[in-house]
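Across the two complexes that follow, chain A remains constant while its partner is chain B and subsequently chain C.
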Partner chain A sequence: MARTITLRTTSRSAATSVAQGATLESPWVRWTLTSIAIVFLGLFLFMPLAVVFVSAFGKGIAAYFASFREPDALAAIRLTLLAAGIAVPMNLVFGVAAAWAIAKFEFIGKSLLITLIDLPFSVSPVVSGLVYVLIFGLQGLLGPWLRAHDIKIIFAVPGIVLATIFVTFPFVARELIPLIQAQGNDEEEAALTLGASGWQTFFRVTLPNVKWGLVYGVIICNARAMGEFGAVSVVSGHIRGLTNTMPLHIEILYNEYQFVPAFAVASLLALLALLTLVVKSVVEWKSQQDLKEPEEDWSVEPA
Partner chain B sequence: MNNKIWMALIMVLAFARPMLAQNAVTLLNVSYDPTRELYQDYNEAFAKYWKAKTGQAVTIQQSHGGSSKQARAVIDGLEADVVTLALAYDIDAIAAQAKLLPTNWQSRLPNNSSPYTSTIIFLVRKGNPKGIKDWDDLIRPGVAVITPNPKTSGGARWNYLGAWGYALKKSGGDESKARDFITKLYKNVPVLDSGARGATTTFVERGMGDVLIAWENEVLLGAKDLGQDKFDIVVPSVSILCEPTVSVVDKVVDKKGTRKVAQAYLEYLYSPEGQEIAAKRYYRPRSEAVAKKYAKQFPNIKLFTLQEIVGDWQKTNKIHFADGGLFDQLYQPGR
Partner chain C sequence: MSIEALGVTKKFGQFTALDNVDLEIPSGELVALLGPSGSGKTTLLRIIAGLEFADSGTIRFDGRDISDRTVRERQVGFVFQHYALFRHMTVFENIAFGLRVRPREHRPSREKIRAKVQELLKLIQLENLAQRYPSQLSGGQRQRVALARALAVEPSVLLLDEPFGALDAKVRQELRRWLRQLHDEIHITSLFVTHDQEEALELANRVVVMDHGRIEQVGAPDEVYNHPATPFVYNFLGNVNLFHGRVDGGKTYIHERETGHLVYVRPHLLDIARLPNGGDHFRARIKHINAAGPLVKVEAVTDWGALVHVEMPQDRFSTLHLLKDESVFVIPRDLKVFKVHEAER
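Here is the complex of A and B:
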């Protein structure tokens, strides 16, 4: 125990000296780098965000809220919530299962599974959408059968949900795999020797250990599910009030020169992004708190 | 987590409920970009007319996009009861590739299934600083012309054919002169947008180009929205008669049992009421009485038809827009 602690102290002091070394750069270098970063962020992140809100309120608050009374806008918001509401829980279940299997067990085809999980990241969203058209479209593999049985997949709500699930597939799993791997198997083995069943171990030990990573994964998964444009655009069919999600509705409004409603709906998505950032910071802060706590306990122990 | 699943379920139910509406009938009209305002008005009028005539409530859903893209969606299974597209060729494609309607669809309604027409005119910057008056001015060096890509946009094909027809008429039918004209014209195009709305946005919002070639209905309607203080409308000496076409999609209406109402929906476009709504939204009506009433709002242009300068759409597409066709040969991007 004592040895571990000394090791930790040395590594900590080493880290401090490195940090001091970094600050030994001459002041103008530091200032230039900092101001470049700030100017860049301002130009490419803050300004567009500000433009969204300025344009949204361009004709006053009344016009802004009137944009949300449009039945088509409400339908778009409802559909976006529905798609995310289905895609996120499904990816949550899948992500936890996949991450758990990959991180805790060795099996044949494991690397293949990891590659497959990453696939939606590497494929362009437009292609993801087209894949569904090729499978479920009338000229596609299952199209004629689906039409004969009067089942609508693409150009209908199921297609949009499918496309959303596809593009948000990796988020939860990707977030959890390194986390569960880093945890190791020790605690689970301890739980098992103490007589816990498999499910008990999972719900009482594995899951609580990764809860913040899980929350974080769900947040970014949700953000992407609500913001997805490309894949959903291909399978939507753009039927007003029926198959337009918020991003698609924004594009339509913009193309119709209805700038205030377009930016008003866009501001909702921007708000979602800001909210995501806030929750993300809270989650990171919380998980760091969780990590710190056992350390403090240990430092008392050897004394 | 449980909450989320419940929320999802509730939302599914809330969403599914309106779809189960009983005795009302729903039509899907798949259309191209600039008809949004037209069909917004028209759908309302038709619903009233149909309710009065049959007692049945009808809801019309709309889908808008680039004409060829919309045709593609119908081919891929978008269940349109009626299609109202920018050019006959796109509906031909649905007939040929998906066999959802017979190939002679165009002969089923009056005026070659084209209830309203339009033409191609120009929009220039306020005060017309480049002095653009006719098609000839578009090929002058130093004039930047905005027009979308004829490979993907229906409106762009009409633009191209307007220029082609003008050059052909002016040279007394000399095709090599027309080729030369097209080559010079597209040398002046800095960017080919994929659709008509995109090109309008490029010209209006991004401030690119000296002149926008566009649908007459789009320009006349847009002049109000975009601010008359920023742009002037220029009407060329001659232009092409654009005939957007409409059709029932037979396989869809027979399956859904909506043939009667879908057919009535299109026929009503030819009625005095339908023609008047079209005219109000700056489409040129077929009915002479309505045309007379609204004559003031349409500039007086000599119009030639596609038939006069090339032939039908199948032939036009083969000569001009197919891969390796005239447009491919003549278009040299940049300079």
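Here is the complex of A and C:
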């Protein structure tokens, strides 16, 4: 069946040898679709990115670097790194644990857990920020208790960290669940029969098998943690030098018509995005390599 | 080490995988658990390994009750149908795994581990592939590595779950012979699961035939083949012709209709002749002849319309010169009679 289709299409369009088989479209369709995609990406993705860098360097390199010597800018960068530095490891641990539980076991409330993991994806970040204000804020549920114990969460660093954890909750778990499910139980069972403990099995068998997925989940999680605006904006209170993260700092600068510093800080986030893309490509390439069988026969002597 | 299962029952929801199974495997034997899929053979193997726990019943190793021990404590060697090699580790690391994960006080030195792995690599004849990854090996090589990995921890028993199930026919043959030799050398109590009757009969000292979560028969290969205890065993261990029959005064009569008994005859226990031999026989017309292979397979239709399969050696076939559509006499040399309710159990 497949062979007859191939024969028919190759005779119909023998000139083009790129695409083959039943899915072959005529050249003008392919070119039109490709051009639309390229024009779209250029207009809406590449040009804005270019604008960020052009504006950032609009008044020269000196002005660009001067933007980072600003104490408020430094504080914003530091706070962003701190929030991501706490949120990413926590979500890493949580994500691995949740993915493991969901992929390996049947338990009551499993579908509820899956839904909860997806919740941050479906709820607007502003709403999640507001929820934290309603719980931890001065007028909130725990407000009186927190004030009595002199703990400040909202309009302070803990609130920002909490909001960041919330919005970056799903990334690692979502990346790992299908991977761990696809691995099956065989290798873990084999490890157990060979006398490995649960932890040994996890660290020596399960984790290495999903390591690239894990790396990918972590970098995506990190990118989102550093770039989060909505939820953090609600809980931050915008106190300059204290509770402003990079995205919030950029907004303030922009509203004050300080375009060069605004775009200079923005360019850092853009660079982070580019770096994430590079790491992602490397990771994908690496995991491809792991799956691929090498062409040549490398009969190495036993070490 | 001997293995005993006493009254083992296991249910998965509504499905009864094992129904009060008793089994005893003496030390040093190579035993096959044979049965169709869903017969409970893999479940029994996994319960013995400790990968699954029985709802009720006891597992004993050398008379000691180990039902509550975890798979880790039981120290069994387990070989999986799809190898379950650690894909991110080399062959060497795979085999060394069981030794490397031991608690520090029991862990052999690096040199000892290396020596042990080398010894096993030699045993599986893959010494020059130590640094390869599982994805770079053929199916047969992978299964040998899996076996070496299981043997590295010097297990008390070796359990194999359809060990050759994922391999092609030729490799399967070789590996079977190799496993037989290996067992002759190291005499480890081994239990393997298979749905292939030929494999079970060829490889094992003893065959355990299972169906519907119960053991139908346990015995030496020739015993279960030649003296099947139940119709199921007869049916499962080879091709069979099935007739309705009646037993009267020590004689068996074959009938068209249901008459209370079922008569089982293996195709190679039927002979064909042009003339009645004065003994037992019935008439049939030859419908199809397949002369490819060591045995000639003849299909014939009886007077009452039933299909009969006959197998005979090539030389017998050439003396007879059978032709299609010829009327002949079919002579059973041996047959087995079961009561109908027995067969339908």
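One rule holds in what follows: the second predicted complex is superposed on the first by the 270 of 303 C-alpha atoms of A that agree within 3 Å, B and C clash if a C-alpha of one lies under 4 Å from a C-alpha of the other, contacts with A are read in each partner's own complex, and residues count from 1 in each chain.
Here is the rule we use: contacts are C-beta pairs under 8 Å (C-beta built on N, C-alpha and C of every residue); 3 or more make two chains touch, one makes a residue touch a chain.
Not measured: the values here are computed from a predicted model.
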Touched partner set for A:Leu113, first chain B, second chain C, both or neither: neither
Touching partner for A:Glu256 - first (chain B), second (chain C), both, neither: first
Which superposed partner A:Leu242 touches (first chain B, second chain C, both, neither): first
Contacts of A:Pro89 with chain B and chain C, given as first, second, both or neither: first
Contacts of A:Leu194 with chain B and chain C, given as first, second, both or neither: second
Touched partner set for A:Asp186, first chain B, second chain C, both or neither: second
Touching partner for A:Val215 - first (chain B), second (chain C), both, neither: neither
Residue numbers on chain A that touch chain C, as the complex places them: 186-187, 189-197, 200, 204-205, 208-209, 290-291, 293-294, 298-303
Touch list for chain A against partner chain B, complex: 78-79, 81-82, 85-86, 88-89, 92, 133, 136-140, 143, 146-147, 150, 152, 154-155, 157, 237-242, 252, 255-257
For the chain B and chain A complex, residues of the former touching the latter: 1, 4-5, 7-8, 11-12, 14-15, 28, 33, 36, 61-65, 73, 75-79, 97-98, 197-198, 201, 222, 225-226, 255
Touch list for chain C against partner chain A, complex: 49, 51, 70-72, 75-78, 80, 82, 84-88, 92, 97-98, 101-102, 118, 121, 127-132, 135-136, 146, 149-150, 152-153
